[in-house]
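What follows are several structures.
In the two complexes below, chain A is the common chain; its partner is chain B in one and chain C in the other.
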Partner chain A sequence: MMFYIHKAACISPQQTFGDIDIEQLHVAVDNKLYAIEPKYPHFNGNALRRMSKSTRMGAGAALPLLADNDKPNGIIIGTQVSGMEENGKFLNQIIEYNEDMLTPGSFVQGTPNTISSQIALINNNKNYNLTHVHRGLAFENAALDAAMLVNENPAHTYLLGGVDEISANNYTLDTLGGWFKKEPCPSDGLYNSTTAGSLSGEGATMFTVSGNQAGAIAKLSAITTIHSSDVAVVKERIKNFISKELPDGKKIDLLLTGENGDARVFPFYQACEEILDDQTAIARFKHMSGEYPTASSFALWLACNFVGGILNIPRHMIKRHGDLKSLKNILVYNTHKVGQHGCMLVNVA
Partner chain B sequence: MEIAELKEKLKVQIIQFLNLTDLTPADIKDDEPLFGDGLGLDSIDSLELIVLLKREYGVNIQDPKEGRKVLVDVNTMAAYIKEHGQK
Partner chain C sequence: MDRIVVTGIGVISAIGHSVNENHAALVMGKTGIIKGGGNFPSRYSGLLPFGEVLVSTDELKTKLNVTQPGVTRTTLLALHAFKEAIADAGLSPDELSAHDTALVGATTVGGMCLTDELYANTHGDTENVEYVRSFDYASVNLFIQNRYNITGVVNTMNTACSSSANAIMYGCRLIKNGLASRVIVGGADSLAKFTVNGFNALRILSDEACTPFDQNRKGLNLGEGAAFLVLEKESDATGKKNYACVSGYGNANDAYHPSSLSPEGDGPYLAMKSALESAGLNPADIDFINAHGTGTENNDEVESRAMLNLFGTLPNFASTKGFTGHTLGAASAIEAVYSVLNIDRQELYPNLNFSEPIADIRLQPVMDHRSAAITHVMSNSFGFGGNCTSLVFSKP
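Right after this comes the complex of A and B.
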C-alpha cells in the first residue's frame, strides 16, 4: 500500500480549477502554456501582491483542500524552479545595488520552500513541512516521502503537491538548451513535431492523502524513479516495475504518458508503449500542461479523476483507444530532460 | 527636479517597488496616508520604501522616529528627498 488520495485540486493552463472543463483545449501562446489563475479571493491584498506566481498557485490550489478547517499532519511539496522569477529579481538586485540594501520580498518569495511555508501559515499548521527539489523527480520524491509517512501513520492525512512556474530566465536558458521549441509550435501539432524541445508549461497540483480507504477517489499503489539516459535500461526497469507491482491477473487499462513532442525524448515513450500490449489505451497530457519539472503531478491529478469516475478522457488526449472499457489501473510514465524518469501506478480506491 | 515631477516619479516607483499592480499613479493622492486607512501598506512595505529612498535618491533613514515622519504620504516623502536627497 502506498496511499489513498482523498481530494485533489489543480491550477493549470487548462480549466482544471473551479468549473472544471478539460474537453475544451486551451492552447499555447508563443510556445508557452500559462496557468489559468483564479482570482484568489481568500488571500488579502497585501499577501497576494507579495506572492510569487508559484506561491499563489500552490497556496491557491491547496486552499480548497483545507476548506473544512482540516489541518494535515504534514505538508510535502515537490518543486524544481519554484519562485524563480522572484529569485532572478533578487539575484539581479545583488548585482544592481552592489550587495547593498537588499529587500526581503523577492528573497522570501524566491526560495523553494516558500510554497509549503505559505500554506502552513494560512493553515496555522506547525506539523511536518518539507519541500523536495530534485528537478524532474521533485514530485515523485515528495510522493515517496508522503508514502513513507503514511506507512508509519496510516490514520494521518498529508497534503502533497507539485508546483512550478514559467520564469523568463529559465525559459531562455532551457530554450538555448533545446528543451523548448525554437520554432512556433501549436498545441494541437505538438506530437507531430520532429524537432527537439517541447512547449513550456506551469501549474500547481495538490492532493490530500492518507492510509484510509473510506471516501478515497483513487489509490497510488506504487511509484518508482529511474536515473538513466539508456532507453534499454529504462524499458527494462519499467517492465520490472509493472510485473512486480501490478497484481496477477490485472492489466494496465491506460498508459498516461508524458510524451512531449521532443524528438530526443520520444524513444523512451515509445519503449514504454512497447512493454504493453497493442490493445492498451494510451493518452497524452503535455499538450495540456506543457513541459515543466513537476508535470507528473498534473498527470496524477488526471489519473485520479479518471479512475475516480469524476472526469472522462477527452478526445484530444487519446493517442490509442485500444480496447478501453473500464478504467481501474493507470500507469503514469513521465521523463524529464532524458535522464530522470518516474512511473506511478494509480488504481481505483 | 521640480517637486510636482518628483511626486509623480515617486508614485510610479511606489507602485513598482511594492507591486501595487491594481493601482495607477493617478489613484494615489499626494496627501493620502501610505499606511492604515490610505494605501493600507504594512511594516514590510515600510522597509521596501526605506530601501527605495536609499537606492533611488541616496536618502538614509536610520532613526525609526524620523522614518515615521517621512513615510506619511507622498508629500512628506518628496519634501524629505528635496531636503536630503543626494542623487
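Right after this comes the complex of A and C.
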C-alpha cells in the first residue's frame, strides 16, 4: 500500500502555514500548544462563525491544495472527535437548560464528518467522502484508506487530512485520564520530564496524494498499525515492518518519533530506537505539535518536507545526529495513549 | 477476485435481541417504537416515541459478563451483536486474533451517551472518572478489539447516518486490497440526550411513530441498536452458511448543506449509481431497495426523486425505520442484516404506517410481508454532511 504525496499544507502550533519557519520554536503556554491560525481571508465572517475550530483549520489547510479548482476524487479525513468544543457547548446546553429550548448549531457543527463535508461543500465535490475516527489511529486509517483508493484507481488524486483541536472539554477529560501533565512543563523540558502525561496540542494537516510519481514531493511506501500494550510485541512488529517494507540495501536515515515526555509511553519509543543502529538519526516532534490523536499527520508533513528537500531538520528536533549524509528514507513511529501504534515509511519520490 | 460473502450476522434492536427475534417481528409487522420504554433517562422519555432496546444497561453487563468499569451502553449493544455474528460464522478465537482478521465498526454517539457523566467530568468532578477514557467514538471498537485480542486492522468511522454502510464498504475493500482475509463490520448507537436533543432542536423528530414515504409524515423517531456482519472470501467459506454476497458499494457526497439533502438528490443518486456500477448491474437488476426512508420531509422526498431518476420504474422498496426507528450509526448495519434476510428468506417486509403517497411523486412502498424472488437488494444510507452510501447485496 503506497501513494505519492504531491502537495502538503499544515496549520499547527508552529509557523507551518504561509511563510514557513520551523527553526524558531513557538512554545507551550500553560501546557497547551495552540495552533497559529491564519486569518482565513477566503471565508466570510458568517461562514467562519458557523465552523468549529477543527472545521476551520481543516478547511483552511485544504484550501491551498484545492486552488486552480482542483477537484480531488475523494476527501478522506482522520480525526478523533473533530468539533469537541462545539460538542461540549451542546452537552452543556442539554444539562444547563434541562433539554429544553436548544438551538441545533453546535450539534450540527460538532459532528465529526463536518470537516470532510465542509471541504466538499467549498470544493463542490460530490466524490468519495469519508471520516475515520479511530482515536490515535484515525489518521493512519485515513492514510490506509487513501492508499487503497490509489491502489484501486492509480490515476486519481485524493485529499487526505488529519485534524484535531484542543477544547476545554477534551483537555479536562484527558487531564483527568492522566494524559496531560498536571504540573507546569515548558516545551524545552518536555523530553526530560519523568512524570506521566504530555503537552496538549492541535493542528490540521492536508495532503494531495495519487499513484503518479511525476512532480511528487515524497512517497509513502508503507504503513502499518499495531494494537498492543506490550513493548516486546510492538518492537517485534516494527522490526518486521521495516524488514518487510524497506528494500534490501536501503537504510532508515531518520527515525521521527512521537516521543512525548510521558514516562509510561517512553519504553515504546526506546524499543523502536533499539531496532535501528547508531547511524540512524533520531528526531522528535511533539514539542512542536503537542500531543493529539492525529499528531502523526504533522509528522508526515515534516517527513515529506525533509525528504523533499524543502525544509531542513531544525536543531531543536534532533535527539541523535547519527550519520545523516543523505535523507532518503524516514520511519515515522507514533503511539497514542498506549495501545495504538502507527508506522509510516516515507521515501524520496 | 473471490466474491465477498456474508457468513455471519448479529443484531440487537428495538424489535429483538437476536436475528431470529428481529426476523419474527419483521414478518409480523410488529414495531419496536414506543413511548416510555424506561431505559433512557431524558425529559423526552415518555413524551416522544423511540426505538428503544428494552433491556437495561446493567442487565446487558450481566448478560455479557462485562465487569470492568467504563463500558458504555453503546459498547454493550455492539458487543451483543458482535458476539452473535461471530458465533453464527463460527469464527474461532484463533481466527479472531489472526493478523488477517479486521474489525471495522461505526458509531455516531460512542461514549457520548453519557451526557451527564461527561458534564460532571468536564466541570471538575474528579471523583467519578469511570468514563473519562470512553467518551470518544473509538472506545466501542477498542473494547471489542481488546476483549477478543484482534490484531489486524481495527477502525472506527463516523459519517453520521451512513456510518456503518461505510464500515461495510471499507471492510470489503480491506479484503479486496489484500489487507484482510475476513472482516467483522457493523455499527452501534445507543439513545443519547446528545442526539435526541440535537435532532429535536432541528425539529425533525416526530411525536408519533414515523411514517416513511407518507404524504403526512412528521419526522423521524430515534432508535438504538447494533448489528455486525462477518464477511469472508468465498473460497475461505466453503462448507459455511452463505447468506449473501456484498456485490457493490458506492459513496458520494451531496455537497449541498450540513443537515439536509439537495432538492435534486445528487448525493443519493450518485451513491446508488456507483453502487450499481461497482456491482456491474443495471437498475433493472435490482429486485428490492431497503430505502433510507427516515420519515422526514426532506429525506423521503429527495430519496424518492433520486430513485426515480436512476430507476425510472422503481422496483419494490420499503423503509424499515418504522420498526426500529433511526438508529444512526447502527442503521446501515441493521438494514444490511435485513437486506441479507430479504435474500436468504426470499421475502419482503412491510414499510409500516404508510397510507398516502407523497403528492406529485406517487410512490408506494411494500406494505405487507410476502414471498418474493430476490436476487439483488440495494440498501441506502444518507447522512448529515451529505455523506451518502449505497450497498448492493446479492444472492450467493
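Here, the second predicted complex is superposed on the first by the 348 of 349 C-alpha atoms of A that agree within 3 Å, B and C clash if a C-alpha of one lies under 4 Å from a C-alpha of the other, contacts with A are read in each partner's own complex, and residues count from 1 in each chain.
Just so it is clear, a contact is a pair of C-beta atoms (placed from the backbone, for glycine too) under 8 Å apart; a residue touches a chain by one contact, two chains touch by 3 or more.
Everything quoted here is computed from the prediction, not taken from an experiment.
In the superposition on chain A, A:N73 contacts neither chain B nor chain C. Of the two partner chains, neither chain B nor chain C is touched by A:T195. After overlaying the two complexes on the shared chain, residue contacts for A:R49 are found with chain B alone; chain C is out of touch.
Contact with neither chain B nor chain C is seen for A:Q15 once the two complexes are overlaid on the shared chain.
By the touch criterion stated above, A:H227 is placed in contact with chain C alone, chain B being left untouched. Legend: residue contacts after superposition of the two complexes on their common chain; A:E152 is shown touching chain C, with no touch to chain B.
Of the two partner chains, both chain B and chain C are touched by A:T103.
In the superposition on chain A, the chain among chain B and chain C reaching more residues of chain A is C. Touched by chain B in one complex and by chain C in the other are residues 100, 102-104 of chain A. Across the complex, chain C is touched by residues 1, 75, 80-81, 87-88, 90-95, 98-100, 102-104, 107-109, 111-114, 116-118, 120-121, 123-135, 137-138, 141, 144-145, 148, 151-152, 168-170, 172-174, 176-177, 225, 227-228, 339-340 of chain A. Listed in rising order, the residues of chain A touching chain B in the complex are 45-46, 49-50, 97, 100-105. Those residues of chain B lying in contact with chain A across their complex are 17-21, 40-42, 44-45, 47-48, 51, 54-55. Of all the residues in chain C, the ones that touch chain A in their complex are 42-44, 108, 112, 115-116, 118-119, 121-124, 126, 129, 132-133, 135-139, 141-142, 145, 150-151, 153-160, 166, 170, 173-174, 176-177, 179, 193-194, 196-198, 200-202, 251-259, 266-267, 270, 383-387.
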